[in-house]
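Before I ask anything, let me first share the structure, which is written out below as structure tokens.
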Amino acid sequence: MPLSPMPQPFSTQRRVEFRDTDTAGIAHFTAFFYYMEAAEHECLRSLGLSVLMQDADGHLTWPRVAAACQYFSPARFEDLLSIEVSVLRLGTKSVTWNFLFHAGPRRIAQGTLTSVCCRLEEHGPRSIEIPDWFRQRLQPLLLPPCDAAQNQA
Amino acid sequence: MPLSPMPQPFSTQRRVEFRDTDTAGIAHFTAFFYYMEAAEHECLRSLGLSVLMQDADGHLTWPRVAAACQYFSPARFEDLLSIEVSVLRLGTKSVTWNFLFHAGPRRIAQGTLTSVCCRLEEHGPRSIEIPDWFRQRLQPLLLPPCDAAQNQA
Amino acid sequence: MPLSPMPQPFSTQRRVEFRDTDTAGIAHFTAFFYYMEAAEHECLRSLGLSVLMQDADGHLTWPRVAAACQYFSPARFEDLLSIEVSVLRLGTKSVTWNFLFHAGPRRIAQGTLTSVCCRLEEHGPRSIEIPDWFRQRLQPLLLPPCDAAQNQA
Amino acid sequence: MPLSPMPQPFSTQRRVEFRDTDTAGIAHFTAFFYYMEAAEHECLRSLGLSVLMQDADGHLTWPRVAAACQYFSPARFEDLLSIEVSVLRLGTKSVTWNFLFHAGPRRIAQGTLTSVCCRLEEHGPRSIEIPDWFRQRLQPLLLPPCDAAQNQA
């Protein structure tokens, strides 16, 4: 049986901006959802993809169906966060992205975003199977089941 | 010579939310631009209008061409701001809105937003004269020239 | 056996603002986290409480440890959302708030925020048991176990 | 008479994120204020400075007293903006920053932020003269008077 290849998470960085902080002196919990989305889009760009794409059959779009984040340690103004992006689950029609945030060695947060692949039609988006050409580029980001379980624990 | 009628500014209130604040413990300067836009839209609704409207000739839209704000005193989490909305200038194609922010008797900020009336066309928005039915409803909000001058001083 | 009293959720409303929307023409998924926090704080105010309080022993603060949201149907500019706020879990040291969003009869989203009760000390926040005077005011918002289970399903 | 040295503006880039856009399909006018602040802070870091600093006399802070922006052309999701940061006016106690935004050759926006140098004291910030060690590092960013006039025209 062939071994599955090691997953290759995408890595990026993000500096905590002043407007991301709040009266408590730390990055507001909502900032991490912005960071996740921007990291997801940057990851897609690195693969030659985008959340707003077109193929022969029309326009693709990826509405969110779920978002979640756990917070382990506060981040502060001008902290440089490293963000590791991987895919926790690659379903027939949906993708669950996974994000790990660190500030140096300190673990800051872990979050997920789930989107459904849709075709933009006259009356709004209709869910479809993820096209193969899109799925194949996400495949290398997919975490092996045990890592995914650990990550969720 | 007939006297012009007294202008009738629109008034509303807004509470400073936690996410509007920053590490300095005050409402971030950008929050006032959100407050202005929301107050403008609330004012339009009170007049039976909206920034996104349709008439017999198609869709209207109002892109911003300028925004400005002066800050006099900080606002803090849970402060209840009163906002007075008026029209500083009602041009042929553009409107300059004026906003005064107070927290009780304390003057907090004063700002302006300028938008151009546009018809949405295939290749994007094209500036047009403000339709009469729209202009007439804004007229009562127009500040007399001397108040406008004072406000800008 | 005494029946537990019916829980009394707190209700409020929120209009989708222009800046909450995105290029897809709907309220951005992050907007619901802002709405949740603002509704939580409004609920606390209605009970005579705040997220930033002081008692004889010092300052209380409530850092977030988790946030999550599921999206059922899109909300659009100027939609008026009704928000029902209740408590899903009232632990020794933490509270999990629950939020249901509707636009008229249409279910829009459901989310949770979990915060830990902390005492602000010199070296940062230290988790403590929720003081009785705080807990008692939250008690009427607590969902019965079966509703809580359903809500999570 | 010695010639003044050529000013050396600071340059950076910023990609328009999805959450920065609105229902009209363009970057919301408020996004540029965030971009300006982040570019200002990045410029300060490049000079070894920060908006939150400490010297022998205590803490420095820079509250905003004014913010303004003019919009020339819309920016869209994933557009890469170049931002040129300079100093329009270096007063005794205040600095007015100037920001020019382009997307390729297309001029997008021009804005200013004015901040007052303050010492953080027990009862809040008190305005002071900008310390020499701070002023000297901003000096090379100062636009010559004629450019400044043109910029404002």
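When the chains are written out, they are named A, B, C and D in that same order, and each has its own residue count from 1.
Here, contacts are C-beta pairs under 8 Å (C-beta built on N, C-alpha and C of every residue); 3 or more make two chains touch, one makes a residue touch a chain.
Since the model is a prediction, treat every value here as computed from it, not as a measurement.
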Relative to subunit C, chain with the most remote C-alpha centre: D
Pair exhibiting more inter-chain C-beta contacts, A-B or B-D: B-D
Centre-of-Cα separation between subunit B and subunit A, whole angstrom: 37
Centroid distance [mean C-alpha coordinates] between subunit D and subunit B, Å: 25
Residues of subunit A whose C-beta touches two or more other chains: 18-19, 23, 30, 34, 37, 52, 77
Residues of subunit A that touch subunit C when the two form their complex: 23-24, 26, 29-30, 33-34, 37, 52, 61, 63-71, 74, 113, 124
Touching residues (chain side subunit D, partner subunit A) in the complex: 17-19, 34, 37-38, 41, 45, 50-52, 77-78
Subunit A to subunit B touching residues, read off their complex: 18-19, 21-23, 25, 28, 30, 76-77
